[in-house]
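I have placed the structure first, in the form of structure tokens, so that the comments after it can refer back to it.
When the chains are written out, they are named A, B, C and D in that same order, and each has its own residue count from 1.
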Amino acid sequence: MGDADTTSQKKNDLPLTYADYLKLQELLKCQRMSSAMHGPPVHDEHLFIVTHQAYELWFKQILFEVDSVRELFRSLVLDESKTLSILNRLNRVVLIFKLLVDQFQIIETMTPLDFLEFRNHLATASGFQSLQFRLIENMLGLQEDQRVKYNQQHYMKVFNDPESIQLLKDSLIRPSLFSLVEKWLERTPGLQVNEFNFWPKYQKAVSIYLNENFLFPAQKETDTKQNETMMAEYQKMMDTFQSVFNPETHQTFLDRGERRLSHKAFQGLLMISLYRDEPRFNQPFQLLTLLMDIESLMTKWRYNHVQMVQRMIGGKVGTGGSSGYQYLRSTISDRYKVFLDLFNLSTFLIPRKYIPPLTISMKRTLSVLSNEQNATSDDEACNEEENEHPPRPNGEQEKENVLFA
Amino acid sequence: MGDADTTSQKKNDLPLTYADYLKLQELLKCQRMSSAMHGPPVHDEHLFIVTHQAYELWFKQILFEVDSVRELFRSLVLDESKTLSILNRLNRVVLIFKLLVDQFQIIETMTPLDFLEFRNHLATASGFQSLQFRLIENMLGLQEDQRVKYNQQHYMKVFNDPESIQLLKDSLIRPSLFSLVEKWLERTPGLQVNEFNFWPKYQKAVSIYLNENFLFPAQKETDTKQNETMMAEYQKMMDTFQSVFNPETHQTFLDRGERRLSHKAFQGLLMISLYRDEPRFNQPFQLLTLLMDIESLMTKWRYNHVQMVQRMIGGKVGTGGSSGYQYLRSTISDRYKVFLDLFNLSTFLIPRKYIPPLTISMKRTLSVLSNEQNATSDDEACNEEENEHPPRPNGEQEKENVLFA
Amino acid sequence: MGDADTTSQKKNDLPLTYADYLKLQELLKCQRMSSAMHGPPVHDEHLFIVTHQAYELWFKQILFEVDSVRELFRSLVLDESKTLSILNRLNRVVLIFKLLVDQFQIIETMTPLDFLEFRNHLATASGFQSLQFRLIENMLGLQEDQRVKYNQQHYMKVFNDPESIQLLKDSLIRPSLFSLVEKWLERTPGLQVNEFNFWPKYQKAVSIYLNENFLFPAQKETDTKQNETMMAEYQKMMDTFQSVFNPETHQTFLDRGERRLSHKAFQGLLMISLYRDEPRFNQPFQLLTLLMDIESLMTKWRYNHVQMVQRMIGGKVGTGGSSGYQYLRSTISDRYKVFLDLFNLSTFLIPRKYIPPLTISMKRTLSVLSNEQNATSDDEACNEEENEHPPRPNGEQEKENVLFA
Amino acid sequence: MGDADTTSQKKNDLPLTYADYLKLQELLKCQRMSSAMHGPPVHDEHLFIVTHQAYELWFKQILFEVDSVRELFRSLVLDESKTLSILNRLNRVVLIFKLLVDQFQIIETMTPLDFLEFRNHLATASGFQSLQFRLIENMLGLQEDQRVKYNQQHYMKVFNDPESIQLLKDSLIRPSLFSLVEKWLERTPGLQVNEFNFWPKYQKAVSIYLNENFLFPAQKETDTKQNETMMAEYQKMMDTFQSVFNPETHQTFLDRGERRLSHKAFQGLLMISLYRDEPRFNQPFQLLTLLMDIESLMTKWRYNHVQMVQRMIGGKVGTGGSSGYQYLRSTISDRYKVFLDLFNLSTFLIPRKYIPPLTISMKRTLSVLSNEQNATSDDEACNEEENEHPPRPNGEQEKENVLFA
């Protein structure tokens, strides 16, 4: 923590100790072993408690960060100086989740036989009742209808106190990170018809890509069997891309829960991914990557959790009729991936040489050049819309201008 | 890795296998245990070889990344679309170094007694002879005069083959990442007198900060002894800041190797750090953070290395008269920190409320607003230089403009 | 690594350099980017190659360790001084797998768009062709009939060279680690009828446990509905335990692939788990834990791999008609768990107070007391078979004897 | 946490929730941001608090484990069934410390500028005041006279409340883990004169080793200069080993704080290390390795702490006159290594072929063979004391006996 240069403060405040500040008195009183209340304490219960408390502490921090990111997102239209904070905080969540994944190693030093010694004292208490974990899921944007039921029971049923129930309800009413990201993606510059008009350009590019790499080679193939295989493959590729070209098909996927983002947002996602090297897309791309990292780690957390539960209780059938292990396994499927479309995005990427070139105007929109030089470029680029941007700006001229970058 | 949709390629290429592609035939032939050449193979030598080879493989990757970052840096003045790549690659180096730090756990499963079984076969071979590690140090910018001698010997002396020596010499001639970063920092917008003229503003702000927090409270103090202590503390703070205000003093620190960056670059470093939330400083700040992360991890790598060596050979005196352990310990000092100034930067930061406000013009320079809206703002900000920027832009008006962010 | 005190060796050997020893010349020549052979090199291909090579290097080390453990296992009946080596080497495999799981973070810094730039050059090369990974699976004991087919194809079909095929065949013929562990578990002391005769004692203990905790409370329950639920639960518990009591039922599970160990070995597994604190069971228990750790990490490796592939290629349909992602997902199921019974063991554990007490004779068999004191105890324990062992040996008397422990 | 099969408990207990059990109500109320009490909350203070609380939670767990290990150690003379628990718990401490080392990555996402925003509210609170960390140090056995003073102040001075002071005093009075290990090492079987009488055998072996590898080659050397160098090296080796042969010299090192263990314990340490493969030394060796791992990680924790503090406050001079950074750096020296002798042990190891062979009697003492077969071996080994043990027991005969191993 370091020593503060705080001579000036000393007068005003009562001397604050490290223990006061961190409320250690209270914090370190929260480890009450249930076994000790029924007989001799079971050594490993202490680890069990501390591990879960550490999880909950960090869950609180994750909620704090994600919640603040949501707030920053909402103000983003008004205040561009929040971008760095958003990235930093999401990155922090990534690091916390990494730690939480690693933390399973520690609890796994407890053996099933040890767990059995105090497990009956836990009675009905179950990790299924972690309010904060449910709040994280909801805040990120897990949809209610994607959840798997546990013992035919809605997850909210396990909470009795009004406060918890209210918090859960609020978490569903307030815009999730997912929905904020979706809206933001829909605003991606370049999607508008009167702008760069990305979508038809992308469709055309896909068409050329598929022709050159699948259709033409297939047509040239003389061996009948081979030709058939190749044509089938081409058709399959076509179908895949059609599913995203066609808004109705996209909607079908949405309805089935196999996609999540609106058609417009999906376009924005693709646009940013393809043009991520343009300065103004750099940070949006970093943000998307962080969201994927978070979700990927959350999924790994679930997977590690499943493994640990299998070790601890095996396939033992739970009280309500279904096994905890089976339930947990079902939560590591793609159903629980809020940002599923980011993971599946690569399906729709095309090699760089097929990516539609930016117009000069669009290139400029996505740059961070200062006014003066943009003004200059304006002059030279009169009928820009039709011109492709040259591969690299004229160095000589801009040397002075892009003084920093 | 993945199955490629490559029907079209199948014709042109001979079927390439995973093993061919990765040259596994050759790669997996490189593990020759020296013990096996002198008698029965010592089991743990295999681990010793594989671990070191894994280090060298990753060192090669680090060199590849850092070298490319240097190239991107050089083209940065001309091509702003490289920023994201720079950040991504530095981040990759961070992750690699993390892995390399963790990797020590594996080699530590070899015990000293096992090591002793084949150590004499290694004869004069020593990790001190890792060419790639020296190249990484030089490429980052470790200064020759900061190196600690080992057995009164220059590190280059242990390399005999002309190729290695040439590579080392080249690595010293080509601009290091440090020197490129230094030059880039010197170009930080806002430092120029006819611009924002940051430096005098910063000095004034520090003065206010010190007065309010150290001088005035001290002056108010009536207790003589307490007054003396507080005045002494104020003086010490003053001296610290003076050491960076005054170019000559700064030079003295440079000469002593206690600072590294030129005075101008140091100003840029401070400017970016204080105004990092301004859009155009976001990525520069991310870059500086990554450089610190890399160096911090490299330092941790060194420290883990020292610990491992102590476990393996203890304080056993080396052939040349000095101990490997003692030598290695000396390399974890601040002498070996290339980006030392980044670590010490916090010494010169002041709380946000004392940071000089940006002028509207400077604010705009550091924004990424599109031309049109900047043009608009130009009109309203005629005698900007003297005006402080309002804490938050007028939301209503800009809502439409900051279309993305 | 370290400086060797090797003056004496210098004469005999040619001066060996670090680079010679590690064959760095050859090793660092193995990174050939396929993209560079077809046009401009794609930066990220270098990472792709190095990452996979690092995996293969470590796979070689894992094979080396597991193979040696198999050998030690075979000599274990003859030479008890191998136990520590077995534990150390398995622990090393654990640490290596941990590193390999973490390593995915690095390759994930490559984006799908970058991968797409060189993916077509990989043509038919696929991670599915990693010979060493298949060898690890076989050496551990993955059963052929548990494997999922990929594109209706047996995994061995992707290898063309006779050497690889021979290695795979050999790996199936030689006893797997699983089968060696199984045989070793069958020899667990205490299982024999003329010994401790564990199995009937365990069955009786389970019966008491179920009665006291499920049957009697259910019988006392007056509420009809509640009574039914509790009786159903008791019945389910009974059925679960019966499935392991009854050799035929166990065989059914074996046939279905839901269990792996022979009935006798399963008994050994349970015996060691319940009496792990007895000195002679300490290391067997450590060994079982390490096997579980290895398999758990291997499973996590698979899971991380799946996640990475999803990011890189999405749900894109592979050349042969099925998707790589779907195939890989199927390998993270329990089918691929060689030591599945260890994970499910907790299903059959009972709380400590129900564990049948050891007889004095069995207690002594499982102790590591020196001869003299055992001789002494022999005298005092004439009709031991029927006596339960007192919870703690008489301290006063043994103080001198257990001089070390 | 899994679902408990706890029908029987349901009646007796009030339904216990996850939140009740973990006291989440209280736990999650302990995060009070000091900044929020003086003005607008500083976002990053939340992370600062949670991180430190997570540290303290885990410190409590470490204390709990180490304390229990001390207790088990004390009962070890009486009850050999505690060994596995000791190893498991120390291994747990290893894993916890690994997590704590990794945890620094998270707090490092807070920047110095953010820290500066609330640092003055911390006033005099400092990590230097972490009671639990001091207790861990004392419980492990850090000697008072090895501690570096901070601002000329004894660490105990920063604690004001009687309870803390009492806990610290108690931690010094109760036997530390170090002193328990020391006593246990002194009891290592084989050290006694009337037993194996290890020490003179070891000294003789060292002598042969030095002669064959250093003295004789030097004597054969005809080149005068080279001869001198080699003789000097031999002499240096001799001196090193003499320092441990000679109890008075050893005492000198003890007095200087460069060694820690008594001469007798040091002998035990060497004996276990050299004969670790003998069954009865397996677990003692594992224990020693775990102690080293713990200390090594604690040292890495300190080092990571130093790095973090440098980033946060730089070389900024603290209130009391000395810098926190400089103080912390001094704690990563060997002074703070409680089990220093374990790290330096490799200095005194000799290659396996020089290790004195065990007598049959000693071999048997260190085996875990059952009585019957030891009885058998007794017959065949009449004048054992003088016989060296054959490299491998006669397999045919013992096959039946070592039924498990």
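Just so we're on the same page, a residue touches a chain if its C-beta (ideal position, glycine included) is under 8 Å from a C-beta of that chain, and two chains touch if they have at least 3 such contacts.
All values reported here derive from a predicted model rather than from experimental measurement.
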Winner on C-beta contact pairs when B-C is weighed against C-D: B-C
Reference chain D; chain at largest CA-centroid distance: A
Between chain A and chain C, centroid-to-centroid distance (C-alpha), Å: 33
Chain centre separation in whole Å, for chain D relative to chain C (CA means): 28
Inter-chain centre distance, chain B versus chain C - centres from mean C-alpha coordinates, in Å: 41
Shared-contact residues (touching 2 or more other chains) in chain D: 5, 7-8, 85, 120, 213, 233, 237, 276, 312-313, 316-317, 319
Partner chain C, residues of chain B touching it in the complex: 1-10, 13, 15-24, 26-32, 34, 43, 46-50, 52-54, 56-58, 60-61, 64-65, 68, 85, 88, 91-92, 95-96, 98-99, 102-103, 105-106, 109, 115, 119-131, 160, 164, 309, 312-313, 316-320, 324
Chain B residues touching chain A - in the complex, by the definition given at the top: 5, 7-8, 11, 76-85, 87, 184, 187-189, 213-214, 217-218, 229-230, 233, 237, 276-280, 282-286, 364-365, 367-371, 374-375, 378, 392-393, 395, 398-399, 402-405
Complex interface listing, chain C residues touching chain A: 108, 111-113, 115-117, 120, 233, 236-237, 240, 273-274, 276, 289, 292-293, 296, 299-300, 303-304, 307, 310-317, 319, 343-352
